[in-house]
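There are structures below to look over.
Consider the two complexes below, in which chain A is the common component and chain B and chain C are the respective partners.
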Partner chain A sequence: MKRRTFVSGILLAATGAVAAGCSTGEGVDLDGDGDTGTTGGTEGATLRVAIGGEPDQLDPNKTSAYFAFQVLENVFDTLVQPDENLEMQPALAESWEVSEDQLTWTFTLRDGVTWHDGSPFTSADVVYTYRRIIDEELANAWRFSAVTDIEAPDERTVVITVSAPSPNLLSNLGGFKGLAIVQEANVTSGDIATKPIGTGPFSVSEYRSGEVIALTANPDYWGGAPEIGGVEFSFISEASTALAALRSGEIDWTDVVPPQQVAELEGDGELELGVTPSSDYWYLALNQAREPWSDVRVRQAIAYAIDRDAILQAVSYGTAEANQLAIPKDSVWFTEYSRYSLDLDTAQSLLSEAGFTGGTLDMLATSDYPETVTAAQIIASNLEPLGITVEIRQPDFSTWLDEQNSGNFDMLMMGWLGNIDPDDFYYSQHHSSGGSNAQGYANAEVDELLDAGRVETDKDVRKQTYADAATIIADECSYIYLYNPSVIQVWSPSLTGYTARADRAIRLAQVGLAD
Partner chain B sequence: MSATTEQTAEPTGRLSTVRVLATNPVTVVSAVVLAAVVVVALLAPWVAPYGVNAVDVANALQPPSAAHWFGTDDLGRDLFSRVVVAARVSLQVAVVSVAFAFVVGVAVGVVSGYVGGVVDTVLMRVVDVMFAFPVLLLALAIVAILQPGMATTMLAIGIVYTPIFARVARASTLSVRNEPYVQVARTMGVSGRSILGRHVLPNITGPLIVQTSLSLAFAILSEAALSFLGLGIQPPAPSWGGMLFAAQGFLSQAWWMSVFPGAAIFVTVLAFNLLGDGLRDVLDPKQRTLIESRRRR
Partner chain C sequence: MRLSPRQVAAFLGRRLLFSAVVLLGVLVLVFLLVQLVPGDPIRLALGTRYTQEAYDALRAASGLDRPLGEQFLSYVGSALTGDLGVSFRSGEPVTQLLLQRLPATVSLALVGIGIALLIAVPAGIWSALHEGRVSDAIIRVTSQLGVSVPDFWMGMLLILLFSTTLGLLPSSGYVPITEDVGGWARRVALPGLTVGLVAAAIMTRYIRSAVLEVASMSYVRTARSKGLPAGVVVGRHVLRNALVPVLTIAGIQLATILGGVIVVEVVFAWPGLGRLVYDSVAARDYSMIQGSVLLIAVMFLLINLLVDVLYALVDPRIRLA
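Right after this comes the complex of A and B.
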């Protein structure tokens, strides 16, 4: 899973804009630069896409920015990849086998795959990439925590040995493009940050910082050459600018759409709107290293005092789904849970039981995610009757991260996105040794359940294990879960074959563009 | 001529400042508007019909009506109440920050202009350095170093406008310090502090009053800009700039969210500016002579 790293709305409004949108749509030959040595022969139109901000870099193993993955989704491949139901399907690996004891995974790689520079893709690339992530302790190294060995017995075979049964290995290896297979030469030359070479349906042909990232179709793509000739990503942070550009035909697709626009766009026959329930979730967390939030009754009191319906309405305008646990309704791992409802009497009696008589609460929101500021204001008015004065801070997201990591907050609100396996949803956030447990939650029983869930191969038993863990987590308010938002994207009707996906992956390999 | 002593002894047909001011309808109107804004701001808790942070999501984004004169925002809060209470916040920030700039800036400017020499050079180069930064950039830097909040906003705006007052005060002091009455006082052995306080300061108030009025306008704008950027007044406390920022995402659905706070900024800033212009006409000796000669005819 990854945290979104959006760039603040206002600051980019002036710079990014639609510089890229000026070119005409059809038949633009993007093959002029030749920096990446791509094989040419692109016909078909160029799809113009506006995303909310510029990627920090284009190294898929290193970036954690969603803006980067929006681009890289179409440039790189993983060993396996999720289909629209988030089930893992073959990608660079065409098949795989698991040994009897569940400890050895053998992947057979697709034959005849080439990098964008024409060199052949082999098992050595897979071993290199995974060793790179593990040895350099990159952000996703934790996904290999059970892996003891990675070998390439021949050019088309990769053998991964794990220390314990790992039912979530496939989603760890292919859940998102952070685990994309990269080319060693591209990494060692340092080019990967701006001129990445992948195996995906498009290659990066041009990157002008602050203006455009242009992709050219890869005619040799193993999944079949894309129908469109290329993609141009421009960066528009301001929703009304993006929508105006879409309406005027300067761009063909954007996801810079605030939820309050959805009702208006639904009635707009000239645009296609995709609203799909996502696997993201938003939550509140109270800092358990601080008094009085270390007391479970105080945390529960807050869970009873907040007006979830109001928050849901104000941040999503009916597009999100209320949920008191993390995993969304559509997932096979969904568990029903609805302990908390707006109940000030219960909240008040829990507080008196805990001997809490009132005080201030330092609420850490961030201006880069306006929903946190909106919700914080509702929470401030919700908690006022309990004698809790909420002081809202709204720094930019990088400061927010620092504050979170140094434990400098009473309560925060944030979201996690791109989750697939239940382990993604709960382990690193709630295991006492989890890497994202900033709230300082520790419960031996939860630890045991989360550890057991990681190695349980029986799906039903595994589901129950996570249901039990999640129930305790929510009962004890390690996180106060709020809702699962929707993916909201809008595009012109000339774009065909595109669907908004629950994991926010923007797959453009199969889309077409009518005149 | 000083504005303060005007009323008492002017037998030669010179008009009192207030009376000259009253002849300019624009000045009168802007003064009345400002007085109204100040009264509303002072009485904000009684004027506002709803709680300023009374969230009512069920009634979010209501257009202006009898119940909600200015409509409601995305959290269902009454915009009229928020605009009124924000007036108080804006004026408070403007007055405190300009007072800070006035006190520090005038002290620096008067000393610099009266003493001259090395002191003047050093102080004025410091002022030049501060002038080299764009106003908003300097304010942003100050807020970024300190924690955002109301006190920081006041301090930041105060610091940013200090050099302007220093320049104005110094320029006026330079012209006053060679006047015969200052020379005489000096010859008589009056102390420097006394001369500054009793002879220099009263005679440079004209330009300073004009500058104060204009600075108040700019301080309100700066506060709005800082709050718009999320570095000024922190939510849920209302501020005109902050309300404009919140309105940004609702331009196509709820025009009232941006129009009313925007109008409040517009009216207040314009009133301060027009009043400043009117005051300049009266307090600037050249303009003053012009007006009087016209009157006499």
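Right after this comes the complex of A and C.
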């Protein structure tokens, strides 16, 4: 679970759901030198990718920039990694066992894995990386909160001890490339920020600031040598430039696509378009430490009064997926829930019951996330008939965080991204002792369910536990959930075998470049 | 009339002193930038999950916990020795990052100003010498259009024409001139043209009015009436005197382009200073913004100094003023 970073990057990823057109575009070799061209379709061709901005650094444990992870996804590995349905599969660990008391996890590492510099990968590297994240209190240290010990009894075994059963340990270790295993020598030399050494399908061969990051295929990759010879990442923040470059054949793939372009691209037979809901979600939260928002009926009235469709259209041009809970419909943890619909009569009677006669609402949006401002304007007009005057504030994000944390708001809108396990979606936001429960929600039953879900190892029982918790959370409007934004990507039809993913990971190990 | 070396030195000394005062003012403003922005830069750099220890450590490392006066002296001291601190975002030295971006911006600026001069000088002179005729009207309307068109729109139109439709030139990217002259030229063409066309439109109007003003002077009338050929009148009397305002506007244009044609660099994904400023602002990388602003100000001052020296070479009256 991660709060959206304040660097406003272009949202990414998609499971090739909508593939438009089938005719192949004709590429133009604009360099005149042919060697970086991809239209020849020869084995070992270079895939040219344009992302929206430059990574701040290439140390996976330290960066929080999505631009960095777009590159590093193909350079580093985690112990386990999510498949297309976001279920954890073997990666650097080929298997694992959990002890009977659920407190000891024993991972067996894949044999014969080497670093890009040729040195062997061992269990000591895993221990080093995890200790680094924990001891240096890096941004992902919280993912190890249940871990009490990490040991390497031999070169191919890692034993992790936890303080309580932790069914979400695998998604904590592998759901996010921020937990990638790094090489100690690469870290201590300081090279990792610009010349990282990983175990992944590609190695970083060149990095010219502002221009390009070039990757070369790793012929010794444990998952099989990539079909393409390499990848070149360029940084284009202007969408029209990125699309022009794609159309003229200068690049093969980009995610620099604003939602308003999707309708136009759907009719473009020369490009492939992928649009699919991500596991990010956006929500409203009312400050329950303040009157009258502490009254559940007032919160529900607002949930009935807001026009979700209008918000969806305005913020995403209809590309996002409406959802009244957090977890998107493609996830195995999805729960059906559709209590709220636009219904002013219900809203009005709930307010009357609560004895609410009108007033102002201090809405905290932020200019760093324009969707919050757009939505706030719609909400303001939605709530006007109820006698609620919405006063919108839009400070920068750091001020926004201060205001949130000091409880200085009536209502706010924000998003969370990068969640896989239901614990990430609900615990810290809605448990009465949760670290991100700024709205001040407290319900003993929800606390109990969230605590139980944390340690429940039977998957079906666990799913029901979270479904129950989420239903109460939404019924009582701890969060008023709005939508899952879509990830939008466009690529040339010559790119084959590419599967865009809901978790925004861009995996290029298996792709090819055809004629 | 030739001036003594002493007079030249005194002139340069005055100009340098003036530049130093301006530089000090810039330093104060740049330093205050971090103090005046809303929000806490340390907090922004750390994101949402961090410990108080990490916060205190970064605050101490960046010097933001010390008294304001002390911070300023230390900032100026470091800046004067070329140390602009480290980027909040990447942890790399600011000076090094700026120097990496300088070649791309300088090459774009020189191409742009070259294109602008090639268009504006003949167009402006022609327009002035043919005042009121059809060709003058065409040049005036065209340059007015050029001034009015936003550069990002001009850039997109050029991309649409030369990359998407004709497939002649790449829409984005950069290759250092030292690596591949042809590749560099192909890639600098569109951003250079965008910068050059906008600058040419501005300069054409200045050159036209400068030439017109000089042409109406009494000494030009005298030169004409004493029977000098038109070419000599224009070449020796009009153009030489019109050069001063032309130098001024060319200098300002060059400095503006060097100072980051932010929009053009963003549109063409050109890895120059403008793009760096854009990315740094988006990431709230204050040390980087400070460094960029300082570098841009220094370049402005240097170009102004250069223009002043050129004035003195062109027009002796200025040295004595």
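In this text, the second predicted complex is superposed on the first by the 399 of 515 C-alpha atoms of A that agree within 3 Å, B and C clash if a C-alpha of one lies under 4 Å from a C-alpha of the other, contacts with A are read in each partner's own complex, and residues count from 1 in each chain.
One rule holds for everything that comes next: a contact is a pair of C-beta atoms (placed from the backbone, for glycine too) under 8 Å apart; a residue touches a chain by one contact, two chains touch by 3 or more.
In this text the structure is predicted, and so the values were computed from the model without any measurement.
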*Check the residue A:Pro258 against both partner chains and state whether it touches chain B (first), chain C (second), both, or neither.*
first
*A:Thr457 contacts which: chain B (first), chain C (second), both, neither?*
neither
_Contact-wise, after the overlay, does A:Glu211 reach chain B, chain C, both or neither (first, second, both, neither)?_
second
_Per the contact definition in the header, classify A:Asn85: touching chain B only (first), chain C only (second), both, or neither._
neither
*Given the touch rule stated above, what does A:Pro370 touch, chain B (first), chain C (second), both, or neither?*
first
*Could you let me know whether more residues of chain A are touched by chain B or by chain C?*
C
*Considering only the touch criterion stated at the top, classify A:Thr389 as touching first (chain B), second (chain C), both, or neither.*
neither
*Now for A:Ser240: first (chain B), second (chain C), both, or neither, which partner does it touch?*
both
*Residues on chain A in contact with chain B in one complex and with chain C in the other?*
240, 395
*Quick one: in the complex, what on chain A touches chain C?*
3, 5-8, 28, 30-33, 50, 53-54, 56-57, 64, 137, 139, 142, 193, 208-211, 234-238, 240-242, 244-245, 247-248, 250, 395-399, 401-402
*asked:* Which stretch or stretches of chain A touch chain B in the complex?
replied: 9-10, 239-240, 258, 260-261, 264, 307, 309-310, 313-314, 367, 370, 373-374, 376-378, 380-382, 384, 391-395
_Give the list of chain C residues in touch with chain A in this complex._
38-41, 43-44, 47-51, 53-54, 89-92, 97, 100-101, 104, 152, 156, 159-160, 163-164, 167, 169-174, 182-183, 186, 266-269, 271-272, 275-276, 278-279, 282-284
*Residues of chain B defined as touching chain A within the complex*: 53-55, 57-58, 60, 74-75, 148, 228-230, 234-236, 245, 248-253
